[in-house]
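The first chain written gets the first letter, and so on, giving A, B, C, D, E and F; residue counts start at 1 in each chain.
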Amino acid sequence: MSSVISEIRKDFIYNLILKGERADGRNFDQYREISIERDVIKKAEGSALVKLGSSQVLVGIKMQPGEPFPDSPNRGVIITNAELVPLASPTFEPGPPNEIGIELARVVDRGVRESKAVDLEALCIVPGKQVWIIFIDVHILDDCGNILDAASLGAIAALLTTKVPASKFGLGDDFILPVKDIPIATTAIEFNDVLMFDPDVDEETIANTKLTVITTANGDICGMQKSGTGVLKPEQIYRIVDIACEKAKEIREKFLEA
Amino acid sequence: MSSVISEIRKDFIYNLILKGERADGRNFDQYREISIERDVIKKAEGSALVKLGSSQVLVGIKMQPGEPFPDSPNRGVIITNAELVPLASPTFEPGPPNEIGIELARVVDRGVRESKAVDLEALCIVPGKQVWIIFIDVHILDDCGNILDAASLGAIAALLTTKVPASKFGLGDDFILPVKDIPIATTAIEFNDVLMFDPDVDEETIANTKLTVITTANGDICGMQKSGTGVLKPEQIYRIVDIACEKAKEIREKFLEA
Amino acid sequence: MSSVISEIRKDFIYNLILKGERADGRNFDQYREISIERDVIKKAEGSALVKLGSSQVLVGIKMQPGEPFPDSPNRGVIITNAELVPLASPTFEPGPPNEIGIELARVVDRGVRESKAVDLEALCIVPGKQVWIIFIDVHILDDCGNILDAASLGAIAALLTTKVPASKFGLGDDFILPVKDIPIATTAIEFNDVLMFDPDVDEETIANTKLTVITTANGDICGMQKSGTGVLKPEQIYRIVDIACEKAKEIREKFLEA
Amino acid sequence: MIDMDENDISFFKDGLRLDGRRTDQLRPIKIEVGVLARADGSCYIEMGGNKVIAAVYGPREVHPRHLQEVTRAIVRYRYNMASFSVEERKRPGPDRRSYELSKVSREALEPVILTSYFPRSVIDVFVEVLQADAGTRTAGINAAAVALVDAGIPMKSMISACAAGKVADTIVLDPMKEEDNFGQADLPIAMTPNGDITLLQMDGNLSPDEFHMAVEMAMKGARDIYEIQRRALVEKYSQLEAPTVEVKACE
Amino acid sequence: MIDMDENDISFFKDGLRLDGRRTDQLRPIKIEVGVLARADGSCYIEMGGNKVIAAVYGPREVHPRHLQEVTRAIVRYRYNMASFSVEERKRPGPDRRSYELSKVSREALEPVILTSYFPRSVIDVFVEVLQADAGTRTAGINAAAVALVDAGIPMKSMISACAAGKVADTIVLDPMKEEDNFGQADLPIAMTPNGDITLLQMDGNLSPDEFHMAVEMAMKGARDIYEIQRRALVEKYSQLEAPTVEVKACE
Amino acid sequence: MIDMDENDISFFKDGLRLDGRRTDQLRPIKIEVGVLARADGSCYIEMGGNKVIAAVYGPREVHPRHLQEVTRAIVRYRYNMASFSVEERKRPGPDRRSYELSKVSREALEPVILTSYFPRSVIDVFVEVLQADAGTRTAGINAAAVALVDAGIPMKSMISACAAGKVADTIVLDPMKEEDNFGQADLPIAMTPNGDITLLQMDGNLSPDEFHMAVEMAMKGARDIYEIQRRALVEKYSQLEAPTVEVKACE
């Protein structure tokens, strides 16, 4: 997209917002259509392809035995990585993750870790010696905005389909990965005191403040991240948190609970 | 070489080829003079300095005990690396191997590996635990064209001089590395439907298609690699293969067989 | 500092030197004021903040058990690293150490190692298996010239305060790191046949030859390094060595001996 | 080629391969055109168990500038495997194998791209292997060629890629994982519809006669794949108002 | 948050915290302005056991040039831990954590920097953690904000940062190491004196009500820190001939 | 200096060193000029068991451009060891030692190169150690200096390098591997024929008097090497039609 077209597009969105509208007709707190396809990668222990509007994120889970961390000798290990491959956006470049990819991976990780979604105690093989390592690999395929929420959704959806490959390593029968909570990340941007959830890529461009709130099944907050070079008033933050809890509940119930 | 001179040189070579000639008077299927000096590096377990016309390639073999690959627990390991050091050509740059160096190392490796030249079973020390690791290090010293053939020739010549340093590691008496086959790589370029073997650096510049054929002692093919941004007709490929088998036989008999 | 100002400053210093003077009024063989603050970092096993005029260097010592080198199975290991972080000078850049940082670390290391300042035999835990590893980490905070002498001073001062954290690793009682010698590095620059010790950053800019001499407590030389793109006559070298021995004695007695 | 006692493995049963194919039969192929919104062109392909997606960006500006060519566009090709695409998790980022495959794949496509139309620019081809099952490089090239058309890049012709292999002394088309791991030879090619070879690699062991057979069989496979690529593009673009220049480009 | 059996640890004794503080009390803070000769601005801070130094260079030229912005200065922020700053020696160089902290810290300061005054240039903020004791990112931001003033960078307002935490179901201000390691939640913020939040992160577990309490408490802490920053700057600059523009900038 | 019980090793037998040399004797040296076709200048040297090759490219254009100097050529020097050049295989690529040696070797040559003749360009010196046997840095500098002449780079004078060492309390010239590994000091120098020192390093232990002796002995060695360098160049260029400017440069 040339920069001239992009300026025109920005103005268009800007003017819409002033009229209380979004380019695709959504309400300010409305998510784009969500679809989750599970178990799409047979070589992975678990996987999910999440579509959030036109954004596409594929998450694969691989597991293997390994050493625990010294300060938690009886617990499995989670390692989260995100690849913002250049296939997914003209702004992504080949090479090791930059600060945007690192932040995304760390916030996805924070949601899974701090919600205690995975029962890590159940992943101890030999206390202090051998535990299960869970690799959560986030592969962004198409960045049409809000890939963080899509990646978080993909991570928990993939974990929910994960089978621990114990037999492959001679460690008994395979078993379903024990998942105890379902953290949901919801992201809003602020622009001219308007709060918009699930921003698309154009909306992300014009706003310079973003807040992600991760909530657990019982409605608590387990992770937050403000990003961007703008400011938020406390009242705006509280408003985002209120709506985020609600939205997360809807998404959780609709897509992830039996 | 300034780009003006290089254009003039290209035209010269181009016009020669149209007349059915090469700049140094060779026939199209004729190799430059080959010399192989063995055991030039005493610190290495085996080594060979190959001169192919003015091209010079030094190959050193180092061996040490190490772990086998999980899928071949009773076999030695071959690791091939090529350094296109900036000393060897104005177009080489310092730094880790680029795609040209990686391709060269992988094709040299392919020849040694797929011909089963080295008896890897004989390099098992403790099954599943300890085997001999063979490092084939290709050091390009002067790139005057067709360094791939020179490097392949250096690799097998060096392997043929290699003594396994068992006593140094307290693993019994040293022994001659068991070599069972002698793969030979022969490379041709295509230009205006003319096929030229063993191209020099100027010929490489004007042609944009190259085919390397690696053959074993019994006349089979064990590796091939087309490179460059041109195309080859199947008949051209078959013609190259026929001549390559012949040339490889000559080189093998003249330089590598007792 | 813009390059115009820097040229004026250079001329000023140059003219002063021709008159036999230095900008801050020091004699040619006189050091700036030295201060050493010990044990400033509680998380480190030993530490020292050295101020040499306005130059500031912080050295921290960390120790942990690890494997000895194969060729010295009964001796502790010293690993010296220097970070020329961009906070310390407009000319330092983020990233892994460049050749200046590497040289600095290696010369600091040379002083400690070649003077046999640390009794490495006393740092063997299990012969051939486990020894103490000493990490000497040099953190340059403010480069106002001659950071090499400041770093060397910081390294030995920090080692002199180091307590081996044996109890933390279940290896008996903590003990004072056995230090047997006190190497002192002294650096001079040459400019127009004038030799100036402890150059400040402006003096370093105009001179292009520098010589560092490291001496031990008994007056021997244990390390030297010429740097820069100038030349030194043997007589100049001998003169620097003579003064260096003297200066080192003064510094050692004043700051580091009980 | 992993070296196993090949007698232990029977690659054929009742004259058919382990997955029921004849020796000269391709695995099932599915091609979808234009699957990504951000990319200028894209294609998703399944070849047997392989799942591969390709995107094309460009022609666009080259950074850093010293890579620019005054008379033509440069072509870049990045073959990348997702960490979870293989049995044992792969470390993210390129390894030596992916550098080589990127190079030969770029050289498989560059001969048909009309790079002289776009001096000083770059055409970027990105291929992500989401699931690997032997033949990822040929699947990637097939997807990339379709994505180039989808991106409207002018091309002299289509490129189609396919491998032949040798198992139990028999030449077979489009080897699957087991045949690739325990077989005797692998020979991937890429070519234009009129038989110009743009990629050719081989490892294993083939007599000159077997080599001829394998090349002919791989070329037959590539021709079949070309029909599938063509159909996928026609299907995509026939739903639009009128046939576009791009579709012409691949006929 | 390391997951421990929290019953084993008692975080309070006689209504006070392990280091004798009330729940809403900061650790001792010491701020020194202008501690480095080479930097354009600098600040050393101690917050409890944290020892952090910040330097500012710029506005200065950007290298490489393609990073330049035509209408404003870019801001770079590098959070770095000295190898010896933590219990177990840290490998030198940035890790994933420091990349994230550098990003959010930059975004905490950028909203108040008048970057449009200096097009095509860069303002570099370098923060070195010399000793770490929970709260290094907020300590770094506090020092960096003062160093920016010391460097004469025009700013819309000061930035002050502080964390709140939750231990034994109680919201506490400015958690120290033990409270951070074994507590239930950590919530660092940065803000302007008039309550605009420029950094907000959280991990652990907080109900919406606890979250409100924690934000309010962290904001109170930030306001207290603002007074200390202000005093340190006034002290430094009141020794000079006249109050400078920079001091005004932080009032 | 590895610290061994030096009594266990006897470095002398009948007043001669283990390889039969006197204390002030060089190892055998062989120098060949112009051994590479692609390089602008080159030299192969054997000093004892060392086998080292040097190439010079330039003056040529500098990439990237911001490295250019307006008033002079920059000089780059890359000291590199082949993986197989040492007892235990070395990982390819530079390590900290080779960065330091590259720096001091460049600084050993730069004083005599007339860099002001070639503003905005670079003179590249590449040194490959093919076999190492103590003294690779001095061997590399000796080869590089000859290669510079062979490349026609204008120089104020030749550079010759040599080390002295201390073993069993005796100062010796040009230590070989055993003397270097188990000796008490190593002192490499580089100098011009008229005694200007351009490289000086030392490690181990020397009294000021021993230091004087070692410098004098190393300088004597360097003078002897200068004669060999000179002879090799004359031999090379006397076979040509007429003495060239370059040969003059090293007289």
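Definition applied: contacts are C-beta pairs under 8 Å (C-beta built on N, C-alpha and C of every residue); 3 or more make two chains touch, one makes a residue touch a chain.
Predicted, not measured: the structure shown is a model, and the values here were computed from it.
A.B. asks: Could you tell me which chain lies farthest from chain C when each chain's centre is the average position of its Cα atoms?
C.D. replies: So the farthest one, by centre of C-alpha atoms, is D.
A.B. asks: What chain lies farthest away from chain B once each centre is taken as the mean of the Cα atoms?
C.D. replies: The most distant chain relative to chain B turns out to be E.
A.B. asks: Can you compute the centre-to-centre distance for chain A and chain C, using the mean CA position of each chain? Integer Å is fine.
C.D. replies: So the centroids are 49 Å from each other.
A.B. asks: So what's the Cα centroid distance for chain C and chain D, whole Å?
C.D. replies: A distance of 58 Å separates the two centres.
A.B. asks: Using mean CA coordinates as chain centres, what's the chain C-chain E distance in Å?
C.D. replies: 32
A.B. asks: Rounded to the nearest whole Å, what is the centre-to-centre distance of chain B and chain E, using the mean of the C-alpha atoms as each centre?
C.D. replies: 58
A.B. asks: Residues of chain B that touch two or more other chains: which are they?
C.D. replies: none
A.B. asks: Check each residue of chain F and list the ones that touch at least two other chains.
C.D. replies: none
A.B. asks: What residues on chain D touch chain B, complex-wise?
C.D. replies: Checking each residue of chain D against chain B gives 1-3, 96-97, 99-100, 102-104, 107, 110-111, 187, 192, 195-208, 211-212, 215-216, 219.
A.B. asks: Under the stated contact criterion, what part of chain F meets chain B in this complex?
C.D. replies: Going through chain F, the ones touching chain B are 36-39, 42, 49, 51, 53-55, 57, 60, 78, 80, 82-89, 92-93, 124, 126-128, 130-132.
A.B. asks: Taking the complex as given, what residues does chain B use to touch chain D?
C.D. replies: For chain B paired with chain D, touching residues are 71-72, 75, 97, 99-100, 102-103, 105-106, 110, 113-114, 116, 120, 211, 216, 219-234, 237-238, 241-242, 245.
A.B. asks: Can you tell me which positions in chain B touch chain F when the two form their complex?
C.D. replies: Within the complex, chain B contacts chain F at residues 40-44, 47, 54, 56, 58, 60-62, 64, 81, 83, 85-90, 94, 96, 135, 137, 139, 141-144, 201.
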